[in-house]
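Below you'll find the structures, each written out as structure tokens.
In the two complexes below, subunit A is the common chain; its partner is subunit B in one and subunit C in the other.
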Partner chain A sequence: MRIPILQKAFAKAPSARAAGQKRALRIGIPRVLNQWSTHRFWTTLFVELGIGRRDIVYSSETSEAQQLKFGKGRGAVDCCYPVKCMIGHYGELLDGLKRPIDILFSPIILTVPSFLCGNVRENMACPRVIAGPESTRAGFQREKDTFAEKGVTYVSPSVSLAEPALAARQLFNAFKGILDGLTPAEMQRAVDRAYGALHEFDSEMRDQSLEVLTSCASGNRPCILALGRPYHMDSGIGHAIENELQAFGYPILWGQYLPLHPEVLDWLYKDLIRAGRIRNPFDISDIWKTSHSANTNELLWAARYGSLMPWITCCIRFSSYECGMDQPTYSPVQAIAESLGTLFFVFQDLDETKPAGSVRIRVETIAYYLERKSPKIMQGKLAAFQDAPPGILLQNVPDTGTASQDPLPEPVQTGSLEIADTTNRQHPGAGS
Partner chain B sequence: MNRIVNDTYRAYEPRPFTADQRKDVTLLFGGVTWRAEQLLEGLFKSAGYNAQRLPDVTVEDLFLGRELADVGQCCPTAFTTGNLSSFLKQEAKRIGPQEVAEKYVYVTAGACGSCRFGQYHQSYELALKNLGLEAFRLFLVQQHEIDQSKASDAGLQTDIHLLLSTALGMMAADAIQDLEYQLRPYEVQPGATNKAAQKAVTEIYDAMLGRPKTLPKWRSVGWHLFTRRFTGAMRRARGYFEGIQLDRLRVKPMVKITGEFYLATAEGVQNYNMHSWLESEGAEVQPAPMVVWFDYLMRYGGQKLEQRFGVNKNARRNFAMLKLGQRVFRAKYDQMRKALGGVPRPMPDQDELRKLAAPFFDNMINGGEGDLLIGKAIWAHTRKKAHMVCELSPYACLPNTMSIGAMAAVQGAYPGMLYAPIEVKGDSDVHALSRCQMVLTEAKTRAQDEFQAALAAAGLTLDEARRRASDRPEVNAPFWKVPHRGAAGTAANVVLELGNASL
Partner chain C sequence: MKYAGIDIGSTTVKGVVVQDGHVIWKAYGRHKTKQAEKTLELLTRMEDEAGLTAGRDVATFTGSGAGTLAARVNGRTIQEVVAVAAAVEAVHPDVHFVSEIGGEDMKTLFFTPTPAGKAKQVYMQSACSGGTGTFIEKSARKLEIPPDALATLPYFDQTLHRISAKCGIFAETDANSLVKAGVPKEEIIASLFDAVVRQNLATLTKGNTPMPSVLLLGGPNMFFHGLRQAWEHHLGALWDERNITLPAQTLVSDVILVPDDALYYASLGCVQIARREDGKPQVYSGPDNLKWWVETGQHEEKANTGQTGLASKDELAGFLRTYAVPSAAAPGQGTHDRLFVGCDFGSTTVKAIAIDGDAAIRASVYQPSRGNPIEDAKLIFRQLREAGVGGVGALGLTGYGKDLLKDILGADVPVVETVAHASAALHVDPDADAICDVGGTDVKIMLLRQQAVVDFRLNSQCSSGNGAFLQGVAERYDIALEDYADKAFGATRMPRLMMGCGVFLQSDIVNQQRKGWSAEEIMASLAAVLPLNVWVYAGQFQNLKSVGRKFILQGGTHRNLAVVKAQIDFIKDKIPDAEIIVHPHAGEAGALGAALLAAEHGKHNGASRFVGFDRIDDLDYVSTTNAKTTCHWCAMHCSRAFIDVQVPGGKGRPKSKVPLSEGWQRVITGNSCSKGLIEDAAEMKERKKQIDEDLNAHPNIAESVRQGAFR
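Up next is the complex of A and B:
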């Protein structure tokens, strides 16, 4: 079974060569925020616009060293940790590359493409994430224009990525004076291909997630669902906690890339649709009324998916320091995830501090509960369905008695970083 | 029993509030200035509702809000959640939770999208749950939808008639507030302005009470366009301010308040009583009118549509309609100002603000006030509208902290700007006020220097200026419009006017 490591899949350029004009420019892109869910779009866009694949440079993943070396003294605002980290990425692209860049490209992504489009009110990005490029560049222009000093053109267009027709226009306007001979048609073609590449990447990821689920279903083994924002895949933001859990043998699925195969969705959501709770599997109006934010919408949607899918026996929630978007969702996400007995743990207020020891203890604690509780959780969740899992999941699933009316396993009350129900129990990590 | 249907989480859904329950149910509301709240009360009553303002917000409300909802809220969420919860808690003690759930409903604005303000309902929901008041009903009115008519049997009918009257009520409240803040720092008899303002708002309240209870959609639009009910009431309200004795030669720094909508407009503990504190420290305050934000929202809506010309089918038509609506909106506000002698300041031109902010902040960035705060700060500084800008933003506010960040580059470009960004937590008065005072001290010096420069330009001494002012009694009359002669301060502009000079 292949287990996707998302950091490795970041922004691989398409192998096909662009047909249009070649352009000898080097573009630096900060590896931050919603780049983590849209990187394929940008890489493909620039390749299609004739930029050499090796001339599209992303800053490295967030790290303390990066922030200290390249971001020190540049901060203009006290805000959430992931946005604050942008200064280190800008600094690295300006000062830390052997071959300097010509353009620092940091798009203001107003809306995010989402598979929930059409079923939610809007697909906006977080206000801080949107404005991050503006407050970050202020730190590089406060005393003098560092971009001009380095001979770097700063390009930061606002782009409505959830509206393809508009995005092409916005990007053409941003680059028309910068890329020689650029035409609207050329930009439109590049944007179309970029969306295609993004879609293809997302589909690949979902297929891999399906493989994981199928494998779990076949072996009646549990897996873990990571609930977070796209940038929690950055090891400097999410501290790669999910990888530590994976080391215990539990495959990790990310909420952003859950399988959307119709057979799976039909099975999971059929009862809710029949009961009139939702119109279709992508409808979240019964659990989240003000569905304006794309990433929040997907988070809530994924929490429900995780609560229903029998082999997802545990949801791990990641939230960064001072995340205002997450704040109103803490209680509903937990309530959704736990509703059919799924374990729920939170790593909250993540920032530059990586308390390796306590993370290890928590990870071991989670692994302990997974080992102890998973069989009953899987059984209980399977029993909640009226019919057997679909063939796409059901390859060698043992008879778990889907018609059984066994009571749900006793819910484990697990609040934010607090593990209840541990009295007099030995588990790995205790006392370490 | 189907556990997937029955045992899984569902978001709060208020029980229906039906038209036949109106007579027994009281609408609770709050969150704006006392003037606007009083006018809203009149509006709701005129529409056939029992309506009651929530009590003034207290610091205890902040603590209760923090206790009842998820951690990490911005302070407006905590204040408003706590304010509602505190009232309901007391009422539940008095009449019992069941009776509270039957007797009251809460109505509030659902807001600008993805910032927490747009997700307030979640905090309210959690607070109600934690208070054991899940059965209580709360309703959101979307601020960007002008017509939200419901079925005829709906208890709360937020139709165009109600919303257009709300807009006029906000305009009246803003105009009175602006007049009040221009007079109070110069009043010879302390308290005279406040007394007049109370009477003025009551006059508009009475006018609101007498508006038609209901009208069909287009008749309602026509009525709101042409009615003289409110401007007539404003003219009568003007009478209460006549006769207030002023001394406009008191030198005071002009402080413009900007910031996040709730904190910038509040006049209470929510922002450490910043307005009255600044006045007590000797400043003249330019409050943040609510109408400027609505004007901005229309400008932003226009920008969005402009981008979509040729992409979305009806973008041009909708753009034209929005622009027309914005012109009417501004014209109606100007009517209100005119009824008060033109003394309340006009709204700044949104296109000008947009251009000023453009080098520092992308004007398509939305949420909260977008580029508005940056545009207003530069406008106040470069057009000499104020000596100092005090920006009130909630600690951890999603959009506002970002525009404060972008202000770093603005301050680099305009090093002479006096800018005091105050992040309000709600319970750290000393820290916030002392930060503000540091900048205010500098603003006071600027105001004095500017006044001396004005005297020199006018060729007058202070005594001569006073003599001339007594020869022209209109200079100290409440409805004399102080001409802008190149100074930010009122006293300096008065001296320049008396000496027929400018800076």
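Up next is the complex of A and C:
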């Protein structure tokens, strides 16, 4: 069956702004780490500051070829592969572009915007990720100043992106000597628009996810939730493993872009709120006490979302080699995801090489059990709800002519679930 | 006065004796973990052959084993890198970069001229086997290349294949798949040399540019002609790229020096440093204390550390009564007409089992894989027929070959390994909670609930805890794998090895050897640490109780009773009431599982799709591996083999670069991902539409992000 989503038709890319000073500069941004969740912010920011859209260049997705060609001999001392790869991205921006750049912009993102802001202790980026730009820069300046040699200005301000007012000040200070005639007001306006554009993009992705879920709900069919850090969407870091499951016929949702539509959240979290476990749908204090890291917080939150949503019958977890941030989350994420019978699989220790053989076996095993167990899992998870799914999950399925018309099974009020303990919707890590 | 310099390394001991600035004696030898003994032997020879005299001369030591031994003959210890640097500075004032590759370590030294004299920058890597001599030798042994041939194999003018330079263990896997794809040995070795140099440049330059002139030291650089050529290639390219020009009329090979005594630089450096010493020299005290250490001291010391052996005599007797493997009952005689066959086409072996309707095993055959699935299939089915399998009621396939062969053999049940293993385990005990399958190159832990695999941990990336690792260590001691358990049970005490990465484990073993632990004791401790590696390190099970209480041990490694004993001790320590069963067909569980699933299928369905023994035996095929079959989908450039099989109704591939006429079917092997099953861009174009449609039908939000976020 076909889920009718035009993947390319979403939030418009930023284009030239209406008014203001044009600035003839070419800027290169490495497509790394938390760029994977803040992309549109930066593009829009620079467009709003008068730089032509075509003069804002991102390095390509991480690839072995890129690392070999542009990262050679500048090895960073870092076991974190996503950080290590920054060298290749810098190298590509300095040596691999037809039209050279004037500025290499590599922000040190201290805090990350998150929909969980306000419900968690902090929204910090990983310390290793924060240090990434500095350790990478060193590789290009140790022997001789490669930036100077290429006539490139290296701009790498610390930015507290989860705090908009502070971020605007930090960015103004970083660019005031570089962009002629830049005023605080101009930067403030650009930053405001940049947040707006990022929000618009995120919402668009969430709408796409909702379409997937709606289609699954209407067809009583399963989908998969991918749990990882934003950079796992980089096909050189996450190795696009989820595509192989997609090829077995399962749509893939990502924890970063789950639907936040109030009707859906109300339905999913009502029982937990009523039971006094959480204050609101974004509250994770019962399952993750040390909520300091933005990415980790969202990971835990998404695991619970996946555990509740009936048509998510499987969570797959991505984690990079020796990730210190992920280490303490392995067990809680698994326990939460599995708590209502959802299948849970991990692709751990992702690194430079894609472990193709074991990925294949894992994917086939997942597919084997997804096929056999999904119907029961969906039924069991649905039965755990007191009321029927909200209309938003059941309507608005454009008739493509091929969509299955299978009726949704009646929610079973007293249904017992063989797969896991669902009778008392108990989440591990919460009660005890 | 004479000066002796002795370098006690991870695999060899090297020594020189210098008199009046001239080397009058030098020798080296492999110590096979007996560092103290070999050092004593070398010192004795120095006394006899070079006149080294106690109370007059000076002996100075370096190398990983120097620490505990030097003081026993009143020798000073010099850090290895310092020693090498001293020798280089004395002999080669123009050298700016040194690479020393040793048995289990590698070092780089940068000498940069500054106004205040020469600045030295030193990097060393000894925790990882990637890029070291052992790594090359191990691979060559596997390829059955004799050492003298290895020395002369070239690097230039060879087709290079991608071998992971990062870790010796990954590299081995890559080399294995190249062998399977039929890549000539010479090309694999050239690729290994390439990987070693890339690894050295990637991890041990840390942002410095190796400037000419360059000095290459250590055994591998000295012995392997091809390795030197690889350096030449990579340094030449690097210098080009960084605009470093050589003086006119100078070739790259002119500024890469490999001295005749490249092995002895650390030893020579010791002498250099000792000779520079002012004041009263630290005089060699003779070998007596070292002799005492070799004969008595090391044993006394190690008795204070370590732990008791795997089992006491009484305990062992009880254990063997329960777990000693009875010789498998001989399959019944005669021919059987309707048997259910399961084949496991693994990466290293092919196994097949035939069972009757009551799940009784009627035939069990196996053979090492030759890397050509068609040839493997022919042999295994010939063996099955000889073992009395007359007719096939249903055929189950598992292992990597299942997708390649399912149509050619006519399989009824092609099933992924995990599911096959689960089926075999559940046959032994339907209430099993967990299967621990430790094979030659991978570790699989499968968790069962409701008689199905609900989760599994697969570890084929890390050698820690797998059978090949045990075998590798046993091989190093020249002990056959079958004798492993006997030897290990013989140890009354054993060292404590650290759990963790196989590569670190390797250095820990070297460390324990240095303390004087014997082969038997180390093998016992390696078996003892295996469960930790399997469950905690590889499997990430911090809380074993959560797994359940009934464990089935499968996989060839569990034929090793020392491992079984360690597993039982480990599991029972965490779960006192655990029940641990060694699968009676531990080594063939995959094939048995496939056979059981085939039987189940056969009971519910009619005729089998099996094409018949004669058809398989008559399979005609042509295998092609050349530039046209190389996969170009990614930077891996897998060297594939196109195995073309004659089958009725085969559609052929007229448009291929290696055209195939009708009546033939192509099996592609040697690829490392599913993309490689597609020949080339032309075939991709045809298939792409279909793939896009498939993927579009089932959206992936990450794809939207990849396509749209950076626009």
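Methods note: the second predicted complex is superposed on the first by the 378 of 432 C-alpha atoms of A that agree within 3 Å, B and C clash if a C-alpha of one lies under 4 Å from a C-alpha of the other, contacts with A are read in each partner's own complex, and residues count from 1 in each chain.
Convention: contacts are C-beta pairs under 8 Å (C-beta built on N, C-alpha and C of every residue); 3 or more make two chains touch, one makes a residue touch a chain.
Bear in mind the structure is a predicted one, so any value in this text is a computation, not a measurement.
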Would you check which partner chain A:N280 touches, where first means subunit B only, second means subunit C only, and both and neither mean what they say? neither
A:L272 in the overlay: touching subunit B, subunit C, both, or neither? Say first, second, both or neither. first
Mind working out whether A:G139 is in touch with subunit B, subunit C, both or neither, as first, second, both or neither? both
With the two complexes superposed on chain A, say which partner A:Y250 touches: subunit B (first), subunit C (second), both, or neither. second
If you stack the two complexes on chain A, which partner ends up touching A:T183: first (subunit B), second (subunit C), both, or neither? neither
Could you tell me if A:M325 is touching subunit B, subunit C, both of them or neither one (first, second, both, neither)? first
A:M233 in the overlay: touching subunit B, subunit C, both, or neither? Say first, second, both or neither. second
Doubly contacted residues of subunit A, that is, touched by subunit B and again by subunit C: 77, 138-139, 142-143, 330-331
Where on subunit B does subunit A make contact in their complex? 2-5, 7-12, 70-74, 110, 113-116, 118-123, 126, 140, 307-308, 311, 360-362, 364-368, 396-399, 401-412, 423
Touching subunit C in the complex: which residues of subunit A? 1-3, 5, 7-8, 10-11, 13, 31, 36, 39-40, 43, 58, 61, 63-65, 68, 72-75, 77, 138-139, 142-143, 201, 205, 208-209, 211-212, 226, 232-235, 238, 240, 242-244, 246-247, 249-254, 257, 330-331, 343-346, 348-349, 351-362, 364-365, 368-369, 372-373, 418-419
Considering the complex alone, what residue numbers of subunit A touch subunit B? 76-79, 83, 108, 110, 122, 124-128, 130-132, 134-139, 141-143, 156, 158, 160, 163, 165-166, 169-170, 271-272, 275, 277, 286-290, 292-293, 296, 304, 307-308, 322-332, 335-336, 339-340, 384-386, 408
Within their complex, subunit C touches subunit A through residues 164, 166, 170, 201-203, 205-209, 238, 347, 400, 415-419, 442, 449-450, 452-462, 540, 542, 634-636, 672-674, 691, 694-711
